[in-house]
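Multiple structures are listed underneath, in C-alpha cells.
Two complexes come next, and they have one chain in common, chain A, joined by chain B in the first and chain C in the second.
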Partner chain A sequence: MTISRMLLGAASLALIAGMAHAESGTADKRIALSNNYAGNSWRQAMLQTYEEIGKKAVADGVVAAADAYTTSENQATEQAAQIQNMILQGYDAIVLNAASPTALNGAVKEACDAGITVVSFDGIVTEPCAWRIAVDFAAMGKEEVDYLATRLPDGGNLLEIRGLAGVFVDDEISKGIHQGVAEHDKFKIVGSVHGDWAQDVAQKAVAGILPSLPEVVGVVTQGGDGYGAAQAFKAAGRPTPLIVLGNRQDEMKWWAEQRDANGYETLSLSIAPGVASLAFWVAQQVLAGEEVPKDLTVPFLKITQDTLDESLANTPEGSVANVTYSLDDAKKVIADAK
Partner chain B sequence: MNPLSKPWIWSWLAAAGAFALTLGLTSGRGAGELGYAALSFGAFAAIVGLGQMLVITLGPGNVDLSIPATMTLAATLALKTMGTVEGTAFVGLAVALGVGLAAGFANYMLILLLRLPPIIATLAASLIYQSLAIWSNRGLRIKPPRELADFATGQVMGIPNVAWAGLLLAAVVWVVLERSVWGRWLLATGQNTHAARLAGIPVEMIRAATYLSVAVFASLAGYLLASFSGGAALNMGTEYLLMSIAVVVIGGSSIAGGNSNVPGVWGAALFMFLVVSMLNSYGAGAGVRSVLTGTIIIAIVIAASTRRVRA
Partner chain C sequence: MSFLARHRIILPVVSLAVLLAATFYMQPRAMSYFGLNLLFNLAVPIALATIAQMMIIMVNDIDLSLGAFVSLVACVTATFLNDTPMLGLLILLALILSYALLGALIHALDLPAIVVTLGMSFVWGGLALFILPSPGGASPDWLRTLMTVKPPIVPMAVVASVIIAAVTHLLIIRSGIGTVLRGVGGNATSVARAGWPVIRLKAFAYGLAGLFGVLAGMTLVGLTTSADANIALRYTLLSIAGVILGGGEFIGGKVSPTGAVIGALTLTLAASFLSFMRLSPDWQIGAQGAILILVLTARLIFSRRGEA
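This part shows the complex of A and B:
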C-alpha cells in the first residue's frame, strides 16, 4: 500500500515535471546577462527591468536562472573575460549588451562553439552566430527632423547635440539627423556639440557654443541631453527653441511645466531600457527551439503631447520612461522579422 | 622682471586667445555671454583642479584618481538627504563635505596602512565610492531644492555664484600655500620628502591633510555641479578625472611636485572650457577637436616649462 502510494506519487511528480517541461521547454536552462556599463540612469533602469523579469521567470519555472553581471570598467577586454567565465559556468544563453560591436566577437564565437545562445541588444555584436536586437537609430534621428518639419514649416537654424564621440550609436543617430536635414532643406545645422548623453555635459557644451550662434529654432538631441540644453538657453537669456527630448523623467517634467506655463509642444523619443527584457525572452525562445531570425528590430519608445502625462506618471522620479516587454511582445517581434 | 617667466601666464594667454578667436567669429557679439559661461563651468574644473594641484605638489606618484567618484557620491548622498525640501541646503552641504572627509580619510588610510601607491589606492577606492553611489540611489536623479538651484545658477555683481565659490577657494589655497607654514611644509615635502622629514617637517600629517583637502574640494564641486545642473547623475564626474590633472599641468604647476601655481589653475580651467567652445563654434568635428585640444595643451606645457628653466 505504502509502496504503491509512493510509486503513484513519484509517477505524478514525473508527470507534472514532464508537463512543465513541455510547456516551456526551458525550465532547466540558465540565462545570464553580460552588461558592460551601469553608470547612468538608463542602464540602472535596464538592470532593474532585467532583474524583475528574471526573478519572475525563475519563480514561474520558465527558466532555472537569470543572473545579471556588469563589468566595472566598460572595457571590451574585461567583458570578453566575463563572457569566458559564463561559458565555464555553463550558462545556456548569454544576453549581451556589448562594449564594442567587434572586439567581443572572439569571445562570442567561443560561446557559440560551446553551444551557448548569444543574444546581443542595444550594444550589438557583429559576430554572425549571435542574435542582434537593434534599434534603427538612423530612423530615430531622421524622425526628429521630420517632426521639426511638421512643426516649423518655415525651417530655420538647428543645433545638434551628439552623444559620445566614437560610439556607433552616436554616428548612426547623427547620420539620420543629417539625412533628415538633407531632405528638409529649409533647415540648416549651424552648430554641433557632443553632450555625451549627460545633462551637465550637454549644458556645458551648449553654453559654450551659443554665443557664436545665430537664432536657433530647434535642437535635435540623442537623449539625456535635452534638459541640459534647455538650461543653457535659459542661462543665456535666449528664447527656448523646440527641443526634441529623450524620455528622461527630468526632461518630461520640464516639458510638462513648460506646457502648463506657455503651451510648449515637442516630441520625446529614445529606446526603452526594457529592451533587456525583450532580449531575455528572445533568448528563451531560441532555447525553447523556436526558429528566430538573427536580426530583430525593436521599435523606439515615443512620447507625444498626448501621452506625456501618462508617461510622466509611470516614470519614477529621476529615471527614464520604460516599457517591460513580455513573452508575447517577443513573439510578435520575432514574427515581424520572419 | 619678464612677465612671460611666470608659468601661469601661459594658461591665461591661451584662454584669452581662445576667447578672442571665438568672438572673432561673431565679430564681438556675445562676449559677456561667453565669459559668463566660461566662469560658470570653469569654476567646477578650478575647484577640483585646486585639490589635484595640492596632491600633485606632494611629489612624484601622488595623484587622486577618486575625484569623479567622490564628486558623484557626495552629490548623490547630499541630494538624497535634501530630497528637494526647501531650507535643507546647509544640511546637504554638510553631508557632501562629510562624504568628502570620509573619502579623503579612507584614501589616506589605504595609502598609509596598506602602503599602496596613491594611483592604485585612489583608483580602487573610486570603484567602491562609485558602487556606493549606484547602490544608494540606483541612478535616479533627484532635483536640488529650488533655493539651492537658484543659488547655484545665480550671480552676484555679474559673476556666477559658483565662480565666486571657486575664486574664494583659490584665494584661500593661495594664502595657505604662499603665506603659511603649512604651505611651506607642503612645498618642501614635494621637493624632497626625505630632506623634509629630516628637517623635522611632519610629512605624514601634511600628506593626510592634503588627501583630505582634495576629497573635500571634490565633494564641494560635486555638490555645486549637481545643484547647478539639476541633479546628481552617476556619470557626472567622469570628465573631471582628466580635467583635474590637465588644469594643474596647463596651469604651470610642476607635475613632479614641489611647485604649485594657483592662478594658473583658474586660467587653465577657463581655457579648457573656451578651447572646446572655440572649436565647436568653428564647427570642428570630434576627431579634429581632440587632436587640436591635445596639441594646444602640449604647446602650453612646453611654453610654460621652457620659460621656467630659463628663468
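This part shows the complex of A and C:
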C-alpha cells in the first residue's frame, strides 16, 4: 500500500465521518431522562435500556450526553423541580416519563420557553409544546379479542381480568376489549374480575368467580395476571382455556411448559420498557431538525408461538420482555404518524 | 447567652448561604435572574406551607394534614376557582374556617392535634379525589400571571419570599396579637389567667394556618398550571422540617417566620444541589435527611454552649 493510497483512505474515512456527523447534526446536543419512579421491574428495565442506548449514542458521537435522573420520591412537585434543574443544567432535550399528566405542565412550559425539546412517553404530559409518545391501550384490548376470533371461529364465553380499579389504563384496555367483543359477537363476556396486574391477586379473584361460570373458552387479560388465571383454572380442575398473556417472564415460562406438554398456543402482548429508547431517538430526531408530529403511538411488543423461545431466553427471571428501539424504528414511528 | 443562641436566625441564614454558594460553584448557570427563579420558584408554595405549619407549631401542636390540605386547595383552585370564581372563593373561605373550627375543637375537647390532623388528612385527601378524580383542571389566568411575573432586577421567587417573611414577621413577632399567640405556645395557663380566651386564640392560630395553606395551594397551581389530588403530599414533612430548620422549636412558642421561609428555601435548594451532584436517587432522601440532621446538630451545639 503506497502512502498516497493510505492518505486517500484516511481522507475518505474522514469524509464519511464528517458526513455521518452532518447527518446527525446533534453531536453537541445533550439529552436528559426525567423519570419519576424506579420501584418495579418494568421501570428498572426501562432505565437500563435508556442507559445502554444513551451510552452507545454518546460513544458513537450521535449526542454529547444522555443522562438519566430519577426523583427520590414519586411526586409531581419533585419532578417539576427536577425539570427546572435540567433547564439550569443546559440540556437541549428532556425525555420525560411524567408523574402526572397535568401537574408538570408549568415546568414543561418553562423548558419549552427556554428552547428545550420535551418528549414525554408512557406517562405523558398534556402541555401542547411537548411531544407525546402514547400507548393506545384500547387498541391493545381490541387486538386480544381479534386474535381470539382467529383462533376460535365458533366463539364462546370469555372471562375478563381487569387491572387496578380507577386507573386510566384499566378503563382503556377494558374499553378496547368490550369494543372487540361487540365486533365479534360470537363471543360473550360471562365474568369480569379485578386482578390488579398481579398474579396472586388474579389467581384469587379467578378462583372466586370460576364456580359460578359456564364453560370458558378464552381469557382476556391486561398483563401480569395470565399465570395466576392459569393456576386458578388448574386448581379448579377445569380445562385450560386460551389465555392471552402479557409478556411477563413467569407467563412466558408457563406458556413454554404448556406448549412442550400439549402444544398450547396463544399470544402475548404488552408495552416494552424499551419505549424509553424510542423516546430518546424521537428527541434526537427533533433536535436534528426533523419534522416530527407531536402525537406518536408506541407499537406493542407481541410475542407469538414462533418468538416465544427467543423472548423467554432474553428475559431475566421476574422481569418483562423488552426490546430496544433503534433510530430506524423511531423514524418508522414518525413516518407512520405523519 | 451566646450571640448565636440569642440570634437564632443566624444559623439558618448561614446554612442557606453555604448551600447557595456550593450550588453556584457546581452550576454557575444558576447565578442569574433566570436561574434563581428556576431554583426557587417551587419554594414559594413550600414557604407558605411552612408558615402555615409554623402557626400550628407556635401553639404547641403539629399538623399532619397540611400536605393533603394544600393538595385539596390546589384541586379547588384548578377547578372551582377557575370555572366559577365566586363559588371557588367561598369554598376556600370555608376551608379556612374549618381549620379555625378544628383548632377550637382540639382545644375545647383537649384532643391531641397529631391524631386529629392525621385523621383530617384522609378527609382532605378524600375530598381532593372527589373534586379531581383524575389529574387535570387549569390555573386561573390571573394566578398564572402572578406566579410568572418578572419584576425588575430581582426574580419573583425572591421577592415573594421576602414579602412572605416580612408580613409574617410583622404579624407574629411585632404585633400585639402575635405576642399573645406565641404566649399560648409558651404557657397557655398564664395567658388564660391574664384574661385571654385561649380557645379563640387557638382558633385564630389554626385559621391563620388555614389561610397560609390556602395561599400555598393557590401559588402551587399558579406554578404547575393544573392540579392532582396527590400534588402536595410531601408538604407535610417538608413544612415541619422547614420550621425546625429555620430555628423553630416544637414546644414553647419559639418560632421564627423569617427562619421558616429560609428553612423552606434551604430544603428546596438542598434537593437541587443533590441533583446537580448527580447523586443516585436512592441516596438523595438520605442525603436530604443528613443535611437536616447536620444543621440541627450545629444548632444544638451552639445553644448548649450558650447555656453553659
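Note that in this section the second predicted complex is superposed on the first by the 312 of 338 C-alpha atoms of A that agree within 3 Å, B and C clash if a C-alpha of one lies under 4 Å from a C-alpha of the other, contacts with A are read in each partner's own complex, and residues count from 1 in each chain.
Definition applied: a residue touches a chain if its C-beta (ideal position, glycine included) is under 8 Å from a C-beta of that chain, and two chains touch if they have at least 3 such contacts.
Only a predicted model underlies this, so the values are computations on that prediction, with no experimental measurement involved.
Asker: Looking at the superposed three-chain arrangement on chain A, would you call chain B and chain C a clash or a fit?
Answerer: Pair status: fit.
Asker: Between chain B (first) and chain C (second), which does A:Ala103 come into contact with in this model arrangement: first, second, both, or neither?
Answerer: second
Asker: Would you mind checking which one, chain B or chain C, touches more residues on chain A?
Answerer: When the residues of chain A touched by each partner are counted, B comes out ahead.
Asker: For A:Pro316, is the partner it touches chain B (first), chain C (second), both, or none of the two (neither)?
Answerer: Touch status of A:Pro316: first partner only.
Asker: Which of the two partners, first being chain B and second being chain C, lies in contact with A:Gln89: first, second, both, or neither?
Answerer: It touches chain C, and chain B stays clear.
Asker: Based on the superposed arrangement, let me know which partner A:Pro128 touches: chain B (first), chain C (second), both, or neither?
Answerer: Once the two structures are laid over each other on A, A:Pro128 reaches no partner at all.
Asker: Would you check which partner chain A:Ala38 touches, where first means chain B only, second means chain C only, and both and neither mean what they say?
Answerer: both
Asker: Applying the document's definition of touch, where does A:Ser72 land relative to chain B and chain C: first, second, both, or neither?
Answerer: A:Ser72 contacts both chain B and chain C.
Asker: By the touch definition at the top of the document, which applies to A:Ala80: first (chain B), second (chain C), both, or neither?
Answerer: Second partner only, chain C.
Asker: For the overlay built on chain A, what is the smallest gap between any CA atom of chain B and any CA atom of chain C, in Å?
Answerer: Least C-alpha distance: 6 Å.
Asker: Enumerate the residues of chain A that count as touching chain B in its complex and touching chain C in the other.
Answerer: 38, 72, 166
Asker: Provide the residue numbers of chain A that touch chain C in the complex, in ascending order.
Answerer: 38, 67, 69-73, 75-78, 80-82, 84-85, 87-90, 100-107, 109-110, 126-127, 166, 168
Asker: Name, in rising order, each residue of chain C that touches chain A in their complex.
Answerer: Touch list, chain C to chain A: 27, 29-30, 35, 38-39, 41-42, 133-137, 139, 220, 223-228, 230-235, 268, 271-272, 275-276, 278, 281-282, 284-285, 288.
Asker: Applying the document's contact rule, which stretches of chain B touch chain A when the two form their complex?
Answerer: Residues of chain B touching chain A: 22-23, 25-26, 29-31, 33-34, 36-38, 40-41, 127, 130, 134, 137-143, 153, 225, 228-231, 233-236, 238-239, 273-274, 276-277, 280-281, 283, 286-287, 290.
Asker: So in the complex, the part of chain A that touches chain B is made up of which residues?
Answerer: Against chain B, chain A makes touches at 38-41, 43-45, 48, 72, 162, 165-166, 191-194, 196, 198-201, 203-205, 207-213, 227-228, 231-232, 235-237, 248-250, 316-319.
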